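One chain, subunit A, links the two complexes that follow: it is found with subunit B in the first and with subunit C in the second.
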Partner chain A sequence: MTEAAEILLRSLFLGIIYAVAASGLALIFGVMRVVNAAHGELIMLGGYIAYMLWSAAGFHPLLAMGVAALLMALFGVLLQRFILERVVGQPEMSSLLLTFGLSLILVDLARGLFTTTLRSIVYLQEPVSVLGASYAQNNLLTLVLGLGVGAGLFLFLKYHPLGKAVRATAQNEDLALACGIDCRQVRLVSFGLGSALAGLAGTVWAINYSLFPSVGQNLIITLFAIVVLGGMGSVGGAFLGGIILGLAQVVTARYLTTQLSLFTAFILLLGLLLIRPQGLFGAGAGER
Partner chain B sequence: MIRGRFFRIARSLVVLLAAAAVACGPQPGAPAQPEAPKPPIRVGASVSLTGRYQVEGRMTQQGYELAVEMLNAKGGVNGHRFELVTYDNQSDAATTTSLYRKLIFEDKVDFLLGPYGTPLTRPVAPLVDQSQIPMITTEAAGTEIWRGQNLRWSTQLITPVERYNVGLVELAKRLGIKSVAYVYANTPALVQGAETDRGLLTQAGISLVLFERYEPDQVDFNVLASKAKATNADLFVMNGYFQDAVNLTKAMSAVGYQPRYKYLGFTVVTEDYIKSVGDLAHCVMGSANWLPILKTKGFIATNEEFVSRFRAKYGAEPDYRAATAFGGVELLAEAIKASLDRTGKVDKAFVRDYIFNTKTATVFGPYEVVAWGADAGMQVGAGSYTIQWQKEPRTGSMKLEVLWPEQYATVKEPCTA
Partner chain C sequence: MRLAEKGQAAPKLAVNTRALLAAGLVAAAVLALLAGLPLFTSPYVVNLTFRVLLFATLALGLNVFTGLTGYVNFGYSGFLGLGAYAFAITVAKYQQPWPVGVLTAAAVSACFSLLVGLPLLWVRGIYFAIATLEVAGALRVLTASEYLQDLTNAAGGILILTGVGLTGQYYLMMGLCLLSLAVMTGLLLSKFGLQLLAIREDELAAEVLGIPTGLWKLLAFIISGTIAGLAGALLAMYLTYIDPSIVYDVTYTIRPLVMLLFGGFGTLLGPLLGAAFFTVVSELIWSRFLTYHLLIFGVVLVALVLLMPEGVIPWLQRRGILPRIRTV
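Here is the complex of A and B:
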């Protein structure tokens, strides 16, 4: 029983980080059909902003997280308005190339600004015992925050008029336009929200692990796998996909070997795509 | 009358002009023309400024740069200045190989220095042998690059990975350790090192209750730390890279894992480790290939000079990677000087023979490689030291103590958690 609880909590803790990080990527793809290869760098930038606010300006880590999310939202809106709007409606390869270039620029910029030294936000590192197993307090805080973000995102997309507009645009942009939805504004909101989620994920990453300029490049492949697993463009699917991946990695590391745990995402993806090519929550051909 | 005056004036002018010509002409013993500057010696390297080895790669780059700067400030080698050509290899083996190809065939550098790490150096070594340009590999600890390969143009400067943890095994025997949980990164050099350690520990009658590999991109170590905790081993060992050491230290704290002794490999010796984990570093042991307190001396500087110049230039403490990089430039400069002194020119074949046959020292420490045969180029002279971070009770700051070898030990016994 204790072991099962430990596995579940460790899976949720790992999975929730993936979930928050991947849901922003899924939101951006869902609304704009933009394959954002720079999403990992948005996570990295968010983490560094929070780190600088904490270490240089003396902000409380949670306040730094909030400010980092807001600043990343603003950065995302500007990025969308002046750069990415140009590739909306273009073949997906255009957005992939553009954001890939953007990611290289951001990594280089971060290297110049922050150097390549590993950075961490030291916060709530002390262990606490829950159901017979030890966890860092920041692990548990991450779990609570992640679940809160997931719930907030769900409520926003389900009930808020802007959230409904986001969903409508993601499902059928032409029909959304016909219904009077300002799709351009929806795209700005979506990219801003996706970037804010990246900012949150980056801060959580800096608290639990460590930051360096190319951290996003290491993460992005896993995030793409999660988005495909959940169904391209499905925010809920990405959220669930993240948690499933966390569970799979923890179980693999615990009962098989740690070495295999990183491949789990791709093994899962391969297995699922054979059974359900559109992913967990993706619309199949003809459904969209 | 007028005619005589004219001749006097003309004679005076001639004398004056002649005197001026003598005064402005070359002085006896002075060269006729100012000496033309000697051509620079171009030295190429690719370094990891981005990607997973970026922390290590930055130190490599700084070590190379500082050595070249100090060498050139002394006038270079017999008047030949060193010119460093470096590119970022993004910590990627394929990029590294293509960059060395560029350095050799496009930039046409005279000599080469190695990148950081065995995975990046391995594919480069055969290319260097084909191109017949001497290369000093400063930071490739894996011996499989040389062992049985008959390499003729590259030598190893750093301590071989098999000798990283010699002190650990000696210490484990002395401390009466019965069981070890051992985890290691899945890179060829570290796998090789782990297998060597397994043999040595088993020979010493110490049981390995966990021996598990992880991928180099692993970030979350909570489950692995939790598994190690369940073994209740006396000693926990990690043989991995810097990022792994930082994340594993945090994970051990998170899962409440406090083994009697913990040894987290060869990267924890750096100040960056303390900055990243703070007080969690207390009682963490590791190995060091080089220490700032060593009384070593190379072609360019003493260890003390190297450390103080590094601090002044970069505002940070150098680590063993900066020292090996610095030592690589020192060895190359020493070999080129020998070539210039004995052959009168910069002879690549002479430099090659020199770096394979000499027994010398750099700021990093002793240098001696296998001179001939299948393992030629493999380091046999350099050693390692076992260290531990201990929190000073009065100041609360972390202090690096040396545990082994005994002649360098600053404390007799390691602290326990």
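Here is the complex of A and C:
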């Protein structure tokens, strides 16, 4: 019983970070049909910004997280406005190659700027006992934050006019345009929001684990699996997929070995692609 | 009208024969130069040319599948790594002569391509690219895991001593590159290759026209994977030591892809041009700025997608500098 509770909690702790990270990726794909291969690097960059604010400027970790998210939103908007806007409407492959190029650039820049030393934000590392097992306090904080972000994202997409515009654009861009929605602006908002989510995820990652320039390259494979698992472009699916993958990896790490966690992601993904190519929440045929 | 067409056609044919002769002469000259290289240059140049040939082979191999069908194999490094490991295990662990190792690498990568291709080719477009990325990731993790310790020595790597010198390795790689070139030429001239191109242009239409798209994609995928496996075997022989982080390195996916993109998907000269250009450029960068090595590839990738998405060869073809035939 205690063991089951522990596995479940640990999966949630890991899964919620994945969920926040993957929701940005799903949002960007949903609205723009852009497969953002640089999303891992946005997470890495967000984490480093927060780390720098915390270690060099003495910001409180939570404040650093907020500032990092804002800066990443700005970065995302600029990226979208000046680079990605030019491949909107082109085959998904060109956006994949483009963002892949961006990711190479960002990783190398990070290597030059931040070196390859492991960095992490020390915050709330004291243990706390929950249901018979002990965890670091920051794990619980992460869970609360992640759920908060999920709820906020849900409310924004469901009720805010801009959120509705985002959903409309994702569903049918031509119709959205015909209804007077400024799809260009929607794309800016979506990429900004996606990048901000990446910034949050990066900070949370830096608090729970550690940062290094190629952390995003390791993460992106898992994130892609999650987004495909949940259905490309489905933000809710990304949240559920994140938790599922967290569970799968925690179980693998506990009963087999931590080295195989990527393998689990692959098996899950392959199985799902065969049974339901459009993902858990994806609509339409497996084409997209 | 007909007469005018005929009148135009005659000189054009003459130009074509002359162009063909010129192309043949250039090809023969390049071939002679490559064959004689180890005789009159330094080992440094031979090493560099070896790498050019390696990447030309990989870019050609990727071209067979990605260039013709339009499906991007984002896990190409996985097939290379698998071939390298099959070779290393056969030669180092089972003490077989190196030709057996090379054949094993070809067989293993072909079987693996079949196994992975069967389920994956159901998956379309972007899902396919993501799934292949996961395949390579999974292979790397599996190779490095403790479960395969006995076979792969996990993260410890394998030392391979074949006794083949640099010159021998160079000629082997040159042979493989020529083989890949021959395969690609054969495909471009055949109906099979044309049908693959039809899949790239419009898969649904190709299917409606009676092309067995699934089977054809699978065949191209297997050929492409086998070329990567063979290249992996020769790479393992060249490196004499491999571990998962070396042969499953994602640069073995990125570089051939960028080279192919630079040269032009589905072209014959494109991969060769891309491989020569990028290997030499990256050598120049490598010796000066060690850190910002991949950055250059990133910048070029971004610039290519934005400014010249079609690639150099089709760009030249559109301007009439190169003839508009498929086997360019």
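Here is the rule we use: the second predicted complex is superposed on the first by the 279 of 288 C-alpha atoms of A that agree within 3 Å, B and C clash if a C-alpha of one lies under 4 Å from a C-alpha of the other, contacts with A are read in each partner's own complex, and residues count from 1 in each chain.
Following the convention adopted for this analysis, contacts are C-beta pairs under 8 Å (C-beta built on N, C-alpha and C of every residue); 3 or more make two chains touch, one makes a residue touch a chain.
The shown structure was predicted, so the numbers you read here are calculated from the model rather than taken from an experiment.
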**OP:** Look at where subunit B and subunit C land on subunit A after superposing the complexes, then choose clash or fit.
**Re:** clash
Original post:
Looking at the overlay, what does A:Met232 touch: subunit B (first), subunit C (second), both, or neither?
Top reply: second
Subject >> Contacts of A:Asn172 with subunit B and subunit C, given as first, second, both or neither >> reply: neither
**OP:** Go through the superposed model and pick first if A:Leu262 touches only subunit B, second if only subunit C, both, or neither.
**Re:** both
Original post:
Of the partners subunit B and subunit C, which touch A:Arg111 in the superposed model: first, second, both, neither?
Top reply: both
**OP:** Classify the contacts of A:Gln185 with the two partner chains as first (subunit B alone), second (subunit C alone), both, or neither.
**Re:** neither
**OP:** Based on the superposed arrangement, let me know which partner A:Gly101 touches: subunit B (first), subunit C (second), both, or neither?
**Re:** second
**OP:** Could you look at A:Phe212 and tell me whether it touches subunit B, subunit C, both or neither (first, second, both, neither)?
**Re:** first
Subject >> subunit B and subunit C footprints on subunit A, overlapping residues >> reply: 107-108, 111, 217, 257, 259, 261-263
Subject >> subunit B partner contacts - residues on subunit A that touch it in the complex >> reply: 6, 10, 13-14, 107-108, 111, 115-120, 122, 125-127, 129, 133-136, 139, 208-210, 212-214, 217-218, 249-250, 253-254, 257-259, 261-263
**OP:** Using the touch rule from the top, collect the residues of subunit B that touch subunit A in their complex.
**Re:** 49-52, 54-55, 57-58, 183, 186, 212-215, 217-220, 222-224, 226-227, 242-243, 246-247, 250, 253-257, 272, 275-278, 280
Original post:
Which part of subunit A faces subunit C closely enough to touch in the complex?
Top reply: 35, 83, 86-87, 90, 92-94, 96-98, 100-109, 111-112, 217, 221, 224-225, 228, 232, 257, 259-263, 265-267, 269-270, 273-274, 277, 286-288
Original post:
Considering the complex alone, what residue numbers of subunit C touch subunit A?
Top reply: 70, 72, 119-120, 122-127, 129-131, 133-135, 137-138, 140-142, 144-147, 250, 254, 257, 261, 291-295, 297-302, 304-306, 309
